[in-house]
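Listed below are the structures to be examined.
What follows is a pair of complexes built around subunit A, which joins subunit B in one and subunit C in the other.
Showing the complex of A and B:
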């Protein structure tokens, strides 16, 4: 008798469900101690629909095929000095920011999805989280390997892990991610799988990858697209978890909404770095931050939340502030880094005339009025040999840890936005309503923050002089400051000068 | 005459990342394994204490009694990072897939004698719950462990154990002609049948260990060090001796996997034991405690599977495990 056929869904269920059991020698609440204290109530974990449906052996097979191609391209990129095809060496500063600020988050995601992969009570949810955990390790490692070649030819990428744990601007992504990791498992998955990977992912991924494509960075385009097929699985997980939580119990709705509000805002603040990258660091910009925000947030997310409305979920709180800020964000962040460029492990510069005109065109309501005059002054100072730097240390927001540079765009874009909360007779400063609300909901959490500026003043960062702090960061003198005249810039000019003779050599070899 | 047609060499300004150079020496190129492993985990300046563990930092050396000067002293002898790992497993799964298709197509599993079928149903298939437990324990190590050198190994191991559970599931599906009744019956056995209850007790106890390195020893060193030789060596050999060639085919992945796994568990024990007498004492204590408990728990299963030789075989594999650990300094 021929065996009956098992459809894919049934087969997948047999492969991933039914292996767990109700423990009797140890109480279930001791085996799974973390999945109830946030107040999320799950009545039936079996209702979880696994979004991945990939058995382990297929996973090995597909992923190995993808990696084989990816590493072949990496090798050939290095062998052929692919960096010579970049639009300009300024571009590589975006990748410095990437390996310093984003790759450590991929690693953190890897470790913490393993936490969820162990601690969710539902088998399906655990398997999904484990798959994502190992994918995130892949992303961290393929990024390190891809950027390894650039590290051999450019400055600022040489010590990303050391920097990630210490450098002032890198505490912005680090504290965001640690905020999620130190929350409960449902908060973490809402934060990373939904707020970050579903709602905002296109504002991280598309700018970096299309930026890479527009600027001749074949290596990054390749790992980006290779990672994208994993990401599409992760996005599905993000949507699934949200629906699952709100469908399981009506009490979950307000908790989930609060997670979404908080983590939308936390992640959005981190994306300020992407905004400046997109508008200022890319020599060829495929799209402005504002245009990306309009499409990927305003349009796509309105549609998403229309759909989620039937569950009672609404758009994240303060999304209208983020939308209003879209016309200012990149300019304010870039100006800050330009001013503190001597204390960053990537280069900064003032946009040239062509770029300024592009910014005027993309930001007709704000650039000429608020930012061009300042930037033209900086250019004049630079021309006069007085490149502008600020030597004092800025005040940081207690929550997002960005210097308090954002302005009150809804009322007066020339006034710095500032909120003060009192907790146990101490004053805590935040950069706006979004961060203030987050602080006030969990003040005991945020007063713990390792604020780089406070730490420097307390003498915990190598010394009181800027140069001592930079040593403690393991910065080299050639890592930061003005791009024009930098070691990267000089080498780039040498390469482009000799690029001709490279092809000459090749021609001669053929001829002989 | 050789013609150099490569592009003109551009001398690099450094050979690898600084954190790799600090470990291997300046001026040397870092291997892919080294770049993918060293120092990836954050070590300091954590912003907030976990709500789920207020006594520790996110990553904290205090989650185990084992102490290491350098948590990157252990190096995986296989040099597995993600890509090397998936490439190795992709090759193995291809062979497994061929074996499974062959067995299924020819109806080889249905053709074995009734007693051998009983052993497949009542011994091999319930083991998928042990694998599931191993998957959870390795996840716990990735969660609480310290340093990428160790936590990436446990990550790969979690996937392997889920993969092995899925191979066992497929064996049942083949035997039962795609009915899931065999899986249900095996779960019932796991939960109720006498011979499994001591082992289930052990597995449940490993779920609540507070020291992740003890989880490592209990699961990856002792449990696997006893169970894999017992089942995938002795039992499979005995089946083979009675003419059952199909089980070596269907468990080839498991036996090769275990041979490979022993290489890194040996190195791990050797490196941690060599670090200090305190480590050695702790490792010995854990190894002997879990060896006693798990050996005892396996006797009933072994007696059922290996007829009269069961208890003696458990003694033998337990003795071999202790000898193996002794060689690594424990």
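Showing the complex of A and C:
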């Protein structure tokens, strides 16, 4: 009689659980030195529910099929000069930010899930992390391969790894990720698998992928789809780990809640980059940041935390601040990059009349009152030949490392939100309660922060002149500054055979 | 609370004043003028007279703001580390109580930015 076929779950258990054993040459605590010190107590690793249930043979098969399709599309995109079908060359600046800021995080995730795949005591969790580690490596690779086509035609995409390690604005995503990596394994997995990949992932991927679709970027749409089925597995892992921790021991609940509070806030701060991409960098915006926040955070996450309420978990601290900021965030971040455009490896510009009207419509409570006057002044300065750049470096938040530009939206949106903490008689400035609480819980960690502005002043970044620092970043002269008149812009006009609507915009701006 | 770590944590303040080659970091901001998105950081000699900060440094940076020329410096209110502050122009930064990582803000009463927008 033929042996009965195992169901998927049993089969997966047979393939994973048999891989662990109680060590005898060395005590288990020495073999797994990292999974207890955070205070998370696991009584029974066998209660772990495998979220992926995908063994290596089928994993390989699925991924190979997806890669085959993806690379076929990339080839045809390159052969047909797909960049010419973009809505506008301004769009590419969003992809520059993606490869500089996001792709290195994918690689970081690959490295750290590999670390977790070694260091969790339970073999079910180890296997899940190993699988995710391979996914993340593949995402980094497919992103590099897809975007390499644009690197042939546009500036600023030539050295993302080097830039990620050094550039002032890229320290924002990098420091968030390294904060998670330098926590213990439970903190990292809560941060990346839950706070980022479950709670906030749709706010990153949906805008990027629908933005790509709206702007004729078939290549990016394809890598997005290719990553999407992986992302849904990652989300499952994120939810599983949270439930597993709180079910294992009642002492875990406050620790898990603290991880969620901290990493929601840190990941949310990084998403300020996505907010400005969505509202300002996409020539055709499918959805405003505010609208995306309402759906993907306010609605979806309230439902999620209603569900998690039975475990005693509540919404992340300061989520109401993030929601109030949704009406201001993209404008404040874009204005900041516009101020420092000369020191970025992507272009910035002022929205044209049509875009400003779109912003007024999407942000009826804030845009005309607080931001339109600023942007119209910038346009006038530009028209007078005095395009505005700040001749100085910004004060940074000690935790999120973003310039201290966010305002006190709940009380007075024209006043900057600031907190100051004293540790060993020194001052540490943070951008609000979210970052202040993170600092004050572990000041010893954050006083070591590599703040790009202070590093420049300490003489560690190639020199004291801006040009020397940009050399040290490996920026090329054409990478940054104003889009209008840039090499990217000129090349685009040559391809399209147009002298484009820039001057038309200008005329409209003054006529209106 | 002390950090939770596997080994003893060395308290390493990466931005201690000794690391700035004799300078101290001073943050300066013009309230309600977000044409400059936030406060700026400057490495300044502690012995620098306050007058040099007002007469040279601030105009060299904020001078490009269209409302800057209209500032009546006699009316300007100063806020140092969240407290009202009356600077002594002839005295140095340190003598004025402006220390490492102090935040100095200037407020222009009646001028709340372009069209009152806070810019």
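Quick note on the criterion: the second predicted complex is superposed on the first by the 497 of 512 C-alpha atoms of A that agree within 3 Å, B and C clash if a C-alpha of one lies under 4 Å from a C-alpha of the other, contacts with A are read in each partner's own complex, and residues count from 1 in each chain.
By definition in this document, contacts are C-beta pairs under 8 Å (C-beta built on N, C-alpha and C of every residue); 3 or more make two chains touch, one makes a residue touch a chain.
All values derive from a computational prediction rather than experimental measurement.
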| item | value |
| --- | --- |
| Superposed partners subunit B and subunit C on subunit A - clash or fit | fit |
| Contacts of A:388 with subunit B and subunit C, given as first, second, both or neither | second |
| Partner chain(s) touched by A:134 [first = subunit B, second = subunit C, both, neither] | first |
| Touched partner set for A:369, first subunit B, second subunit C, both or neither | second |
| First (subunit B), second (subunit C), both or neither touched by A:434 | neither |
| First, second, both or neither for A:82, with subunit B first and subunit C second | neither |
| Touching partner for A:34 - first (subunit B), second (subunit C), both, neither | both |
| Which of subunit B and subunit C A:101 touches, first, second, both or neither | neither |
| Vertex subunit A angle, Cα centres of subunit C and subunit B, expressed to the nearest 10 degrees | 130 |
| Which of subunit B and subunit C A:450 touches, first, second, both or neither | both |
| Overlay on shared chain A, then closest C-alpha pair between subunit B and subunit C (Å) | 5 |
| Subunit B and subunit C footprints on subunit A, overlapping residues | 33-34, 37, 445, 448-450 |
| Complex contact set, residues of subunit B against subunit A | 3-8, 10, 12-19, 30, 32, 35-36, 39-52, 58-59, 81-83, 86-87, 89-90, 93-94, 96-97, 104, 128-129, 131-132, 135-136, 139-140, 142-143, 148, 151-152, 155-156, 158-159, 162-163, 165-167, 169-170, 173-174, 177-180, 183-184, 187, 190-191, 200-201, 204-205, 207-208 |
| Contact set on subunit A toward subunit C in their complex | 33-34, 37-39, 332, 335-336, 339, 369-374, 377-378, 381, 386, 388, 390-396, 403-405, 407, 413-416, 418, 420, 424, 426-429, 441-442, 444-445, 447-451, 453-454, 457-459 |
| Contact set on subunit A toward subunit B in their complex | 1, 3-6, 10-11, 14-16, 18-21, 23-26, 30-31, 33-34, 37, 55-57, 59-61, 63-65, 67-68, 70-71, 79-81, 84, 104, 107-108, 110-112, 114-115, 117-119, 126-127, 130, 133-134, 137-138, 140-142, 144-145, 148, 151-153, 155, 157-162, 164-166, 171, 174-175, 178-179, 181-185, 445-446, 448-450, 455, 474, 491, 495, 498, 501-502, 505-506, 509-510, 512 |
| Of subunit C, residues touching subunit A in the complex | 1-6, 9, 11-16, 19-21, 23, 25, 27, 29, 31-32, 34-43, 60-61, 64, 66, 81-82, 99-103, 112-115, 117-119 |
